[in-house]
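The following pair of complexes shares a single chain, subunit A, combined with subunit B in the former and subunit C in the latter.
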Partner chain A sequence: MSAAPALPRAWRDGQLAVLLLLPIALINAIGFILPVLNLARYSFNRSRIGGGIEQVFTWENWAGLLSDPFYLELVLNSVWISLAITLTTLVVSYPIALYLHRASGSWRTFLTVLVISPLLTSAVVRTYGWIAILTDDGPVVSAIKALGLPAPSLMFNIKGVFIGLTEILMPYMILALMAGFGRLDPRVEEAARTLGATPARTFRKVILPLTLPGIALGCLLCFVLAVSSFITPKLMGGGRVFLLATEIYDQAIVTLNWPLASTLSILVLIVFGAALWAYSAVLRRLD
Partner chain B sequence: MEIHKTSWPMRILVFVLFVYLLAPVILVFPLSFSGDQVLRFPPSFWSTRWYSALFANSQMLKAFWTSLSLAAIVTALSIVIAVPAAWVMTRLKFTGRDLLFNLFTAPLLLPTIVLGLAILIVFASFGLLATMHGLVFAHLVVTLPYALRVLAVSLSTQDRACEEAARTLGAKPLTVFFRVTVPMLTPGIVAAAALCFLVSFDEVVITLFLTGPRISTLPVELYNYVYNQADPLVAAASALLILLTLAVIMIVERAMGLGKAFVK
Partner chain C sequence: MTAMKNATRAGLAALAMALATSVAMADTVVLTAYSGIFQENYVKAVVEPFMKANPDITVEFYGMPNSAQMLGTLRAQASAPQIDIAIMDVSVAKAATDEGIFAPMDETVTKHLADLYPQARYEGVNAAGVTFDNLVLLYNTDKVQQAPTSWNALWDAQYAKQVSIPAVPDIQGTTLTIITDKMAGGTNYIESVEAGLKRLEELAPLVQTWEPRPDVYQPISSGTAAIGIGWNARAQVYADLSDGKLGVVLPEEGSGFQINVIGLVKGGPASESARKFIDYALSPEAQAAFTEQMFYAPTNAKAAALISEKALQRTAAGAMDRMIDINWLEVAKVRDAITEQWRRRVIPLSR
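On to the complex of A and B.
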């Protein structure tokens, strides 16, 4: 007897679930699944000069992309620059993460808020801040000039993009590192030091191996964000820095070649897949 | 007892790195009081002329009001849509629940430049480009995953005893939901709303694809301005934006703090 009302109850639950999930499912389907599938389809369409689109199935975009040295260089450039930025971000974030991991109480809370607060500030605002710092009349160039050294050009080239993007990615890296620092027990370091290891050796043999999972996670996150970053390269590159994300925007908005922009977007997703694959390979080796 | 004594070189290094991390955000404050025509730091003299210029810039003001109403609409809709969804995800058991949850939060994993282009192409055929409807819809795609995640965490850590008690005492499911579950969820709702508001208000990459001369948001206008010229006007706008962000964070802190005090 007790099993009898269970069926209508489950059925009613199912109806209720469908009803309550309908709005979010519709937005997800129309605003996410459909656009992404359509994007993949568009990479096989043909673009007419002047922005028209021919609904065909052709590999032209893909073949053109793979045979054009400009795009090959663009992809390699983006990947290399993103890797270099990721490693630099790791180097400048690691000491902060380690310091925060060891700090305690309200001091730690305060510093953590300082790390998170740039995340809540618009990328345009932070990029603008870097333009103000690195511009020819800015504090950095003035200071270098005051020292009597030749004034470097830090804006509208890859140097500025590098400096700015590294800083913009720092909070993500610090948070990822701290999430992975859980295994780092201060007593283990203490033991290594007591047994006569130098600070450098303790770092290399104890701290670094224990924090590798956090490093892998932070690097994955920052690499993915660097490859798809758009605002900073566009504003600080001054049209002279060509990366995958800026090219996607230019093809979509300036040239109106949506099939090519779609193909480049799918390429970005393939690069993401490769990064994810590398990450899981690293994690497997660590285990 | 202090096990770890951080050495002085390490402290100095951490300090320098913090300066690097916070420099662009801090610099806009003094820069916004520059009297110069161009970006120069330190400025040759101080003034509030760029604040006056900002408030005289009708395009920026219009974009600000667009952003504000957009963020308000998006936040309200996100909460109304995500609270029932999060409730289903944490209170009902059905096959494929984890799969659905991952699907609903998946838009966060896609780079915004790709999502922006994807939405642009679809919206172009729906006639939704450069409309308020289109912007609200596109922002919901990115804010809903955040709201769903925050609310699901709040709901799954919530004490179920009160709901059980209300049901045992004869309250109808809808009464339990509105009189017990939602009031207890208030801190989570405030946090989710603040996050949605900030995400929508700051969103620039996807919005850049969908705006036009007819309708534009503040981040997009700032982006266009910086792209075309570099003067301290954007510093004044940035300083105000940072203060607005701080205000939202403090509201959350207050609400969450009060909420915690209430639960205890």
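On to the complex of A and C.
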């Protein structure tokens, strides 16, 4: 009889937690950690001409990567383009998220579905849609020309990638922002207004600080997605935009240089690590 | 009791025989090659006739988008192969050979080796050439009124920003580099393609995309681009499907071959039947049938006699003397250097 209550206490001591965490830990170990370690190992192999792999331990790939200005530029390009896209996505998504947060009832449900609906179509299809819209004979360029303005080329260059990725990332940003808007209570805004703050000041001093956790989350999510996205840059970049993700694809699939592709992949992980660190630093400051 | 025992014995024997036949019946050869229109046409022209002639063998076609993915899959299965045969680009087959993935390709596999063109055999590659393809000039017939005859049409300023070029590391870009180099006076593409690169620098500002998607044929058929380069076999098939919108030209300066080879996977599950299929795939009949179907030039010299003049005209078979002899195994050694030059010198000029 005395054994029966002992069991729940042992569970409370953490055995249950361990038991519950075990399946996901196992899946993660097999499905994520092992492959990443394998990837890390590959980055020290030597690539043979024509795609073969020599099982050795060499720092060649890393040394080559760090000493080659092309790859340094590639990393910097990927980071700044992704940051710029994240920022643009934030600016265009924020008002939508704020409006959705304030909306209520079936109107809110309807709008939320509208925001999420692009996620139901594959990014490939949406990217082809953008190609049709932004190409030199497309409606956007034609409209600009009709207004008598000099029409920029919007497709197969960095501008195309920028527009396409921003649209594709918007739903993620909006959802992340809404998830982080929990602390924003309409009564606080009302209080600020009652106490004489202008709408601009209310936004700056009340709304913005309260929504910072959402902003940080959305930015982290979009940055990571932007750095790792390769379909849209591949389709809309016209082969002119070299980014980490497209380069990994080329090295892995076209040139068959798996060691270099692995080295670049680990580099992307390091960039993600830095992004996570920045995110937690921001959160710590907010608390 | 004895009768009962005998009946049981007879029953078991019958069952064993039935099982044995069904095992023999179900000999399945797994062939991996390009998915999409290659698969569609290869199954029609080669795989189905083979299965008709060999009812005891089933050939399963496992399509993959490119040779690299095939190599990746073969690598992953190295200890327990599930694939018996691969058709892939010769330079990737070299890597596969180096890693011990392919069994030797000799007279025990196929008796047709002696009939293959010399370009179909590569020293150090355990696979034999099964298709020849070549780079061609593509154009949209609405946008380009007069059919071009020279690669120089790509540099024509009237098609500025309407040129579609699959850039290096894609080997269409590599082949264009070698052709351009020869046209610009280059004499040895292994030593230097400097002359070609200079000429490509002039082409760069005219290029619409270096990465045509889903492939180079669709944007030119639809008129998104006016002119470009691509592979002959696919271009011929898409030209037939394009309502006359896609034009295909083998320019007067000649071109270069892309070679797909067929290799037997070492330790594959259905080795004997796989040998039989490879032998068939390299036979004059199968080679001729695939040329009629998809306009790859045959690798078996005896096939030409079986191919209609009309189909032969649409391959490089009639222009063998104008073809640049590209040694892809040698090119593999300088491919990284060519890629580097493209990315640092050529592509930036198109931004």
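Keep this in mind: the second predicted complex is superposed on the first by the 254 of 287 C-alpha atoms of A that agree within 3 Å, B and C clash if a C-alpha of one lies under 4 Å from a C-alpha of the other, contacts with A are read in each partner's own complex, and residues count from 1 in each chain.
The rule is short, and it goes like this: a residue touches a chain if its C-beta (ideal position, glycine included) is under 8 Å from a C-beta of that chain, and two chains touch if they have at least 3 such contacts.
Quick caveat: nothing in here was measured; it's all calculated off a predicted structure.
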{"item": "Fit-or-clash call for subunit B and subunit C when the two complexes are aligned on subunit A", "value": "clash"}
{"item": "First, second, both or neither for A:70, with subunit B first and subunit C second", "value": "second"}
{"item": "Touching partner for A:36 - first (subunit B), second (subunit C), both, neither", "value": "first"}
{"item": "Touched partner set for A:125, first subunit B, second subunit C, both or neither", "value": "first"}
{"item": "Which of subunit B and subunit C A:286 touches, first, second, both or neither", "value": "neither"}
{"item": "First (subunit B), second (subunit C), both or neither touched by A:179", "value": "neither"}
{"item": "Partner chain in contact with A:252 - subunit B first, subunit C second, else both or neither", "value": "both"}
{"item": "Touching partner for A:135 - first (subunit B), second (subunit C), both, neither", "value": "both"}
{"item": "Dominant toucher of subunit A (residue count), subunit B or subunit C", "value": "B"}
{"item": "First (subunit B), second (subunit C), both or neither touched by A:190", "value": "first"}
{"item": "Which superposed partner A:235 touches (first subunit B, second subunit C, both, neither)", "value": "both"}
{"item": "Steric overlap of subunit C with subunit B in the superposed model, located at which of 20-28, 74-82, 182-190 or 272-280", "value": "74-82"}
{"item": "Footprint overlap on subunit A, where subunit B in one structure and subunit C in the other make contact", "value": "135, 137, 234-235, 252-253"}
{"item": "Subunit B residues touching subunit A - in the complex, by the definition given at the top", "value": "3-4, 6, 10-11, 13-14, 17-18, 20-25, 27-28, 31, 38-42, 81-82, 84-85, 87-88, 92, 94, 100, 103-104, 106-107, 110-115, 117-122, 137-138, 140-141, 144, 148, 198, 202, 204-205, 208-209, 219, 222-223, 226-227, 230, 234-235, 238, 241-242, 245-246, 249"}
{"item": "Subunit C contact footprint on subunit A (complex, rising order)", "value": "48-53, 70, 135-137, 153, 156-157, 234-235, 237-240, 242, 250, 252-257"}
{"item": "Residues of subunit A defined as touching subunit B within the complex", "value": "13-14, 16-17, 20-21, 23-25, 27-28, 30-32, 34-36, 38-39, 42, 92-93, 95-96, 99, 102, 111, 114-115, 117-118, 120-133, 135, 137-139, 142, 164, 167, 170-171, 186-187, 190, 224, 227-228, 230-231, 234-235, 245, 248-249, 252-253, 258, 261-262, 265, 268-269, 272"}
{"item": "Subunit A-touching residues of subunit C, taken from the complex the two chains share", "value": "66, 68-69, 71, 91-92, 94-95, 98-99, 161, 167, 169-170, 208-211, 213, 224, 329, 332-333, 335-336, 339-340, 343-344, 347, 350-351"}
